[in-house]
Structure formats: C-alpha cells, structure tokens
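We just call them A, B, C and D in the order they show up, numbering each chain from 1.
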Amino acid sequence: MDIIEVSIVGVGAFLAICMFTTLYGKSNPLYALAEESYIGFGTGLTIVINLLFIYKTGILGIQAGDWLLSFGIILGIMVLARIIPKYSYIARVPIAIAIGAQFGLALRTTIFTGFLDQIRATIFPLLTGDAMTLLNRWTIALSVIFMLSFFFYTTELKGPLRWSARIGEYAMYVAFGGIFAQTFMGRLSLFVGFMQNYTVPPWKIPYLLGSLIIVFAAVIILDRAKLLEKLTPEE
Amino acid sequence: MTEQKTEKRSIYRMLVEYDRRIIYLFIFVLIIAPLMQPFSLPIQVSPGTMTYYNVINGLKKDDVVLVVFDTEFSGYMEIQSGILASIKMMFEHEVKVAIAVSHPEATGIPQLVFDQLKGVMDQHHYIYGQNYINLGYIFPNEASVASTAQDFHSIVRQDAYGKSIQGTFLDNVNTWKDWTLISDYTTGIQSGSLINHYGLRGTPMIVNCIGVMISTQMPYVSSGIYKALLESMRGGAELEYLTSSPGPGLTAMNSFTLGHYLLMIAIILGNIGYFGYRSEMSRKAKEER
Amino acid sequence: MSSFFKSKTAQLTIMILSFLAIFVPYFIDVPVMTTFSTKLITITAIVSAFTLLLALYSQFRRGYTFIQKKKRGWIFKAYMMISIVLMLVFALFGQETGPYNWVMYAIITPLSSVNYSILVFYMASTGARAFRARNTRALLLLITGFIVLFYQAPLTGAFFPQLTPVALYFTNTFVAAVAKMFLISVTVGAIVFGMRVLMGKETTILGFTKEEAS
Amino acid sequence: MVNPLFQVPGIVSGRALGLILVIVLAILVYYYMSSGKKIYIRRVPGLDAIEEAVGRSAEMGKPVVCSFGIGGFTYWTMAGLAILSHVATLSARTGTRLIVPTGGSNDSLIVRPVAEEIVRNAYLLEGKVEAFDSNDMPFMSGQQYAYTGGYIGILQRTRPGSVIMTGYHASEAMNIAETSNAIGAITISVGAYISNTACLACASDYILIGEEAPAAGAYLSKEPPLRASIRAQDIYKAVSLILIIGGLILMTAGSDIVIRLLVS
C-alpha cells in the first residue's frame, strides 16, 4: 500500500461516516461537509462528462463529416439564451425538440414492453404441467385478472367487481411483502459490499473504525453541548 | 402487583415507540462484525442461478459478448461477486469480450476486474483488442444505446483509453445482430434501453441485477427477453460456489444471514409490542368505563 | 421572429414533429427516416448536455447569494463552489490517473455508496414499523414479507430447505403478477397522457402560462 | 419463435398490432375529450392529499418540498411536472415557501429549465411573482446520490411540513421518504417501478400507484374533457383483460392464436 491508497481509504472512510451521521437524525456540520463535498465534486464530474460528450459525439462527429450534428451544437447554444430573461424565449425551440424526441423515444416501445409482452407472458396452458407449475400458473393468471380489476378508475366498484377488486388488492399486498423482502436483500448486499470495501484487506479496518468513533463521538458531543444547530448551515 | 403491571406496560410501549436509532446501531454491529472475523456457514444454489450458469457455460470459443457495467460504483459493491465469477467463466470459454459502462463511476471497474482475473486471462492468452476491449463510458443515455444498436461504429469510435477501435475484433460488429450475448450487470441505469434496442430486437441477454430490481426484471425473464437472471450478491455467491471460485460473495453471506434475522426479530418484537400495547389500551379503556 | 418563438402553436408543432420523427420510424420501415431519427436522438442528447450550463449558472448564483448575505454556514457553499472548480482543474491532468482519479475514489465513490447502502437502515426501520398486523392488508404484507426474508437468509436454505418452494411460490407468482399488472397500468396511463400532451391539452408541462396556452 | 397472425406491408415485422393499438387509443382519447361526457372517476387519495399537505405546511409556517424526479422527458417526469405546477399554485396561493431540489442525473438537466418556468408561471398566475425565488430550486449535481444527500440535508435543515415526490424517483425515494417520515412531514410519493412502489407504500403516507401518476394532470385539472380521457385507459385495461382470459382459455384448449395476434 502506498500513501495514495492510504489517503483514498482514510478520506473515503471519514467522509462516508460523516454522511452516515444523517442516521443520528439531526442536521450537523459534518454531514454538511460530506454533502457539499459530494455536490461540489459531483457537479465538477457532471461538467466533465457533459463537455466530453459534446466533444466526443458532437465535435468529433462533425469533424468526421456528420454535419447534421452541428444542429446539436446550434440548438445547444440556443438553450443558453435562457440566462438572459429578455431572450429566454429562444430557448423554447430546442427544448420543444428535446421534449418531443425524448417523449417519442419513451413512448414508442412502451406498448410492446409494457402492454403486449406482459399480456403475452400471462397466457399459458392451464391444464398441462406438474402440480407446482399448475399452481404457479393459476395463481399468476388469477392474480393478474383480479389486480387489473382493482385498477378500474372510471367504473364504480360495485357487485362482483367490488369483490374481485378486493381480492386483487389483497393479492397486491401479498406481492408487496415479497418485494419488500427482496429489496431489503438488495440493500443489505449493498451495505455489506460497501463495508467489505473498508474491511478487506484488513489494514483498512482501523481507518473505518477510527472514523466511526471520531465522527459519531463528535456529533454526540456537539449535540450535548447544544452546538449542532449553530454550526449547521442555513437553508 | 401494580408496580409489575406498570413495568409490563412500559415494555410493550417501548417495543412500539422505540428510537429508530437502536435498530440502526444493531445493523452496524451485526454486519460489520462478521466481516472482520469471517466464518463459514453453508448455502444452497437457487434454480435461477443454475440457468444463468448454463447460459454462460453454453458459450463457444470466439463468441462475441457485450458486457455492460450498468451500475454506479456502489452498485458494483453489491454485484461484484457475480461480475467476477461470470467474466471468469467467459474467459475460461475463450469468448471475445467487449466491456461498456453506462455510468461515470463505473469507468474504473473494468480495470479492477482485469486486475483480479489476470491469472485466467494469461492462462487463456487474452490479448487486448483481439480478445477483449474496454470501451469505457459509451452509454450515457438511451440515445447512445439506441444508436449503437443501429450503427455501432457511428457513435463508438474510440476505446476507454482514447485509441481507435478500428482493427479490433469489433470490426465485425455493426448492429445488434452481431452480438452473441449481452451480459448486463445492472442497477437499472440503461437496462430498459438495452431491452428496448437490443433485447426486443432479439439479441440474447442475461442479467445480474441488484436485489431491488429483481421484481422489476422478472417479467422480462418470463417473457423470454432475458435468458437468465442472477439475483444480487446472493446469486453471485451461488455462482462462486458453482464455479468453485470463492470470492467476495461467499464471505459476505454471514452478514447477510444476520442482517435478515435481525429484521425478522425486529418485526416479531414490533408485533408483540403492538398487540400487547393495544390490548393494554383496550383494558384500560374498559376499566375507565 | 420573436412572436414565432413565443407562440404556443409553433412550439407544439415543433414538439409533435420531433416526436413523430422518432416515433414513426420505429413502426414504418423507411431507412432514411430511421437514420434521421438516430441523428435526432443524438442531437437532443447534445442539447441536453448544453443545459448543464444553465444548471451551473443557477448553482453558482445561489452559492453567491449565500455568501453575499453571509448566511449561517456560507463557508460550506464557498467550499462547494471551490470544489467544482478544483474538479475541472483536476480533469485537465487526465482522468485515469492523478488528482481527478483520487477524487473519484476518495470522495465520489464512497459517498455515492453511502447514500445507496444507507437504505438498509431505512428499510429496516420502515419494515419494523409497517409490518405490524394492523389489518388484513398489513397481515398479508407481514406473512409474505416474513417468509421471503426467512428464505433469503443463506443459512436458512441449508437447514430448512422446505421453505424454498414456499418462498419461490410467492416471488414467482404474486410478485411476477403485480409487476405485470403494474406495467400494463402504467403503459395505458402513459400513452393516454402522451396523447393529451400531443393534443395540446396538458399545457402546464411545456411551461406555458394559461394566457399563452389559450 | 411464434409466427405472427398477420403482417402489414411497410410496417416493421411484429409492430403492426402495437401501432394499431396506439392509433385506436389516440382516437378514443380524442373521442372522450370532445364528447362532452361527464365521467365518474374514483377518488385518488394520494392526489387529494396534496392540497391538505400544502395546507398543513402553510398552517405550521413550514416549507413544502416538491421534486419532479431525476428522469429525462419521459411520461413520469412530465406527469410529475403537472403535479409540480399544481403544488406551486397552491404554495403561491397560501404563501408557503416551496423548495424544489433539482438534478440527480444527466437526463434531468434539460428538465430543470422547464420546471423553473412552470413554478415561476404558477406564481405569476397567482399574482405573486415576487415571491418566486429561483434559489429555492437548488441544483445538486447530475449525480443521483449527491442529489439524494443534498435533498436529505435540505429536509433535515428546513424540516418541511410536507414532502411531495413526483416524477421518476429511483432508489433515492426511500432515503427521502424515510427521512421525511422521521422529521414528521406528510409524505406523498410516486411508485415509478414495482419494487419502489412496494417499499414506498410502507414508508409514505400516500402513494400514487401505477397510472395514477400519469393521470394526475387530468385528475387535478378538474376539467371534464381531460378527466374523460381517463376512460380510454379503462377500456384498454378491459381489452387486456379480455385478451388474457381469452388467451388462457384458447391456449388451454391448444390454440396459440392470441399469442400469434400479440406478436403481429
């Protein structure tokens, strides 16, 4: 390990634990330090990425003979007119183009992925297969049907529809329980993975534990001394 | 007698209205401790992992695979076991691998993977440009994914290190048809776009997603767009187990077990507290009446 | 000229044309249109990249206001603004190595990981609070949640494999069904919403005032 | 691979039915909007709660935090902007401070100026343009979790009375919802995908599920033609129901005709 690696681990662990102080439930200056570091350097990163994108895709593309891309640059510059209130209307054209294009991109596939494919995936033979397959298929088919009936907004839920909607709603909560558990597993993996980053190899452990103790001790002491509020930035 | 009653009541109430920081503290301790002092507990391989294993096992020499690190660095922490085990398998099958990333934080991941798999790569004579390539951050948005599916070289001209990709094995790749498989490691940044522009057109895809996405991604498995899905770190650990290459996944499994059991205990206590407190309140209301 | 830019009809027309340029070639096979749609997508991505400068302008203006008014903790805002500039300077020395790379690994990746992994704490406290059998819905939530949690702990599978089919039953059926239903519902909602936008009925989202819209 | 039931010349293979469905839906929407019919719509508690949430913040003298997500111009974001416009109007009317955190992804950069215009216009229409402060729409970088960190920081420092998350919020929605719950704010959120929905349903006071978000603009506008367009959604859900039930019966009887129709 060299000094750079140590500094990466040390600073990283310290700032990470500062960010964890949000769990303490009160705003504090150490959290603000981590927050502004991230926003600041994160914005820097966003700038670099976008400028590189403009350069690599736009400028290099135009140089390679793709002259249509120069419209991207022109429209991009037009967007900047928003900064001057008097001319801000100029920015509306590129924005309208972008809205139309992005919206078109989002909507053109959704009828397949979100509608036809989902219906297709719910159609299967209900009488062939082993017991487990049949149980699964019947459950899926009935759940989808009942759940869909819960989602009728312009029809009053009366009579049989009321019952099927009720069953659909219950089936939805059964599903939510399972999804919650799956999601919990995911979050747990993230946290474990993150901690592994600071426990393997073992030389990193002191930096993690040291930051943990120092940062939380500082927050608790500042809180007891009623200094937390005074040192936290205003919004 | 009265004293005992008061004490009992306060316990129920405490279980309902506790400071949430207590749970936070327990999680910290129960997860970090086993990582510092690893011990091994047994595990079981799930059917989904088996299918995933079989898909990669079915790859042949010189098949062309697009590996997408569709994740932030934090997501990588969760699925790195799956990434390492899968790519190791691909290298063992001598498949040509192009790595693309869809988040700036992921740009460093390919190098981390190459470093860790150096042994296998040397063993199977992997040469940069001929057998594998790191394309870098080529998928910043859906537009870029769409363009690569239609005309790959119109948008990707350089690799991650700024070198031209001409003369590499990617010369034979022009559209979505030219990939044998897309292997997506995802927190969901561009997975939807990859489905729209590759999967739906017919490029075979497999995915290793983070836990939170499993339920969102399952419909694509049942509709056949994904050939297989590897679930979160747990799936990664199972793949490590199947390929007999223990790594970060298997060591994390103890914290995993403890974390789950902790939440279950918290739920049980919460319910005991809830019902105890409720019956206490109704008893109290009766007495007052 | 300015009245053209300001008119709602002009903007709506531009938006619809741009929408159709992307939407139609996906269905109708005309190679020229497909090529153009790909280009248009790239062009909008470039435009989008430019809007960063607007955000940046607003960020600096906000920071400057804080400092000018000497609001409590203004020093944090000053630090934030300096770090933006620093990151840009670092990028000049190259991205694969040097200070830029250091910032990526010492600041950005750990902080990103924290905000992501901290969710386990929030999930646990939410779970402990919401999984109480208050009514039928909560009871159902509790039962499946509990079974799946128990199954997911790797140790359980080794000692109590009988639970696996039960947990998989829930995740392969109810969870799969709700995901399908959800997608169907969202899709029809989205397309109908899209139609309202294209017919010029959802004007607020284009940033028009009511007067301009009428 | 299943053979499609029919093909239309000139239309990309496998996309004809999709195109037909979109066109028919467009016609239905147009029909319902111009028919002048008054249509029954079930209450959506999540949308009705917005007024109460802003009102409560106003009474308590606390700000309202409302975000439009981190996505580009997708239907989520655009529906979120419609809700934002409503919230901004209510805030302007009640004199409540409105904070709109922005940023969170590269795609959302272009949404920001539009959102700013929407909020400003809402204040303008209420005759309170001087109360609009663009500094209350802080940009917190194009990084998702920097945005999250900043959002949480704002919540803990300003302790708002209500937090309304609209548009496409990914995992950060849980960070925000749980912090919001901890500080005692009314939390209204949108479940943009299913795992998000399940968790937010546990953590928030109100949640908009499925199509409730895209329908928000029409629902909140209280204009009968717009609301009538929601009828078209129900018709399509009925169509999907018929296709599923019919498909299941026919498939069980050994015919894959519905599947072939769906891939046409």
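The working rule: contacts are C-beta pairs under 8 Å (C-beta built on N, C-alpha and C of every residue); 3 or more make two chains touch, one makes a residue touch a chain.
Because the structure is predicted, anything quoted here is derived from the model rather than measured.
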| item | value |
| --- | --- |
| Greatest separation from chain B - chain, by CA centre | D |
| Between the pairs B-D and A-C, the one where more C-beta pairs touch | A-C |
| CA centroid of chain B to CA centroid of chain D, Å | 27 |
| Length of the line joining the C-alpha centres of chain A and chain C, rounded to whole Å | 6 |
| Mean-CA-position distance for chain D and chain A (Å) | 16 |
| Chain B and chain C: spacing of chain centres that average the CA atoms, whole Å | 19 |
| In chain C, residues with contacts to at least two other chains | 26-27, 41-42, 44-45, 47-49, 51-52, 54, 56, 59, 95, 104-105, 108-109, 111-121, 123-125, 127, 129, 131, 141-142, 145-146, 149, 152, 171-172, 175-176, 178-181, 183-186, 188, 190-191, 194, 197, 206-207 |
| Contacts with 2+ other chains: residues of chain D | 15, 18, 22, 72, 75, 78, 106-107, 109-110, 113-114, 139, 142-146, 149, 152, 171, 179, 182, 193-195, 197-199, 202, 210-211, 215, 230, 233, 236-237, 240 |
| Set of chain A residues in contact with two or more other chains | 19, 22-23, 25, 32, 34, 38-40, 42-43, 45-46, 49-50, 53, 57, 66, 79, 82, 95, 98-99, 102-103, 105-107, 109, 111-113, 115, 118-122, 144, 148, 151, 175-180, 182-185, 187-188, 190-191, 193-194, 197, 232-234 |
| Sites on chain D touched by chain B in the complex | 72, 106-107, 144-145, 170-171, 182, 193-196, 198 |
| Chain C residues within the chain B interface of the complex | 34, 38, 41-42, 44-45, 48, 95-96, 101, 104-105, 108-109, 112-117, 120-121, 123-125, 127-129, 131-134, 142, 145-146, 149-150, 152-159, 161, 164, 168, 171-172, 175-176, 178-180, 183 |
| Sites on chain B touched by chain D in the complex | 20, 72, 74, 140-142, 187-188, 212-216 |
| For the chain D and chain A complex, residues of the former touching the latter | 15, 17-18, 21-22, 39-42, 44, 72-75, 78, 99, 106-107, 109-110, 113-114, 139-143, 145-146, 149-150, 152-154, 156-158, 179, 182, 194-195, 197-199, 201-202, 210-211, 215, 230-231, 233-234, 236-238, 240-241, 243-245, 247-248, 251-252, 254, 258-259, 262-263 |
| Chain B residues within the chain C interface of the complex | 20, 23-24, 27, 41-44, 46-47, 72-75, 77, 105, 107-108, 140-144, 146-147, 150-151, 154-155, 161, 214-216, 218-219, 222, 234, 237, 253, 256-257, 259-264, 266-267, 269-271, 274-275 |
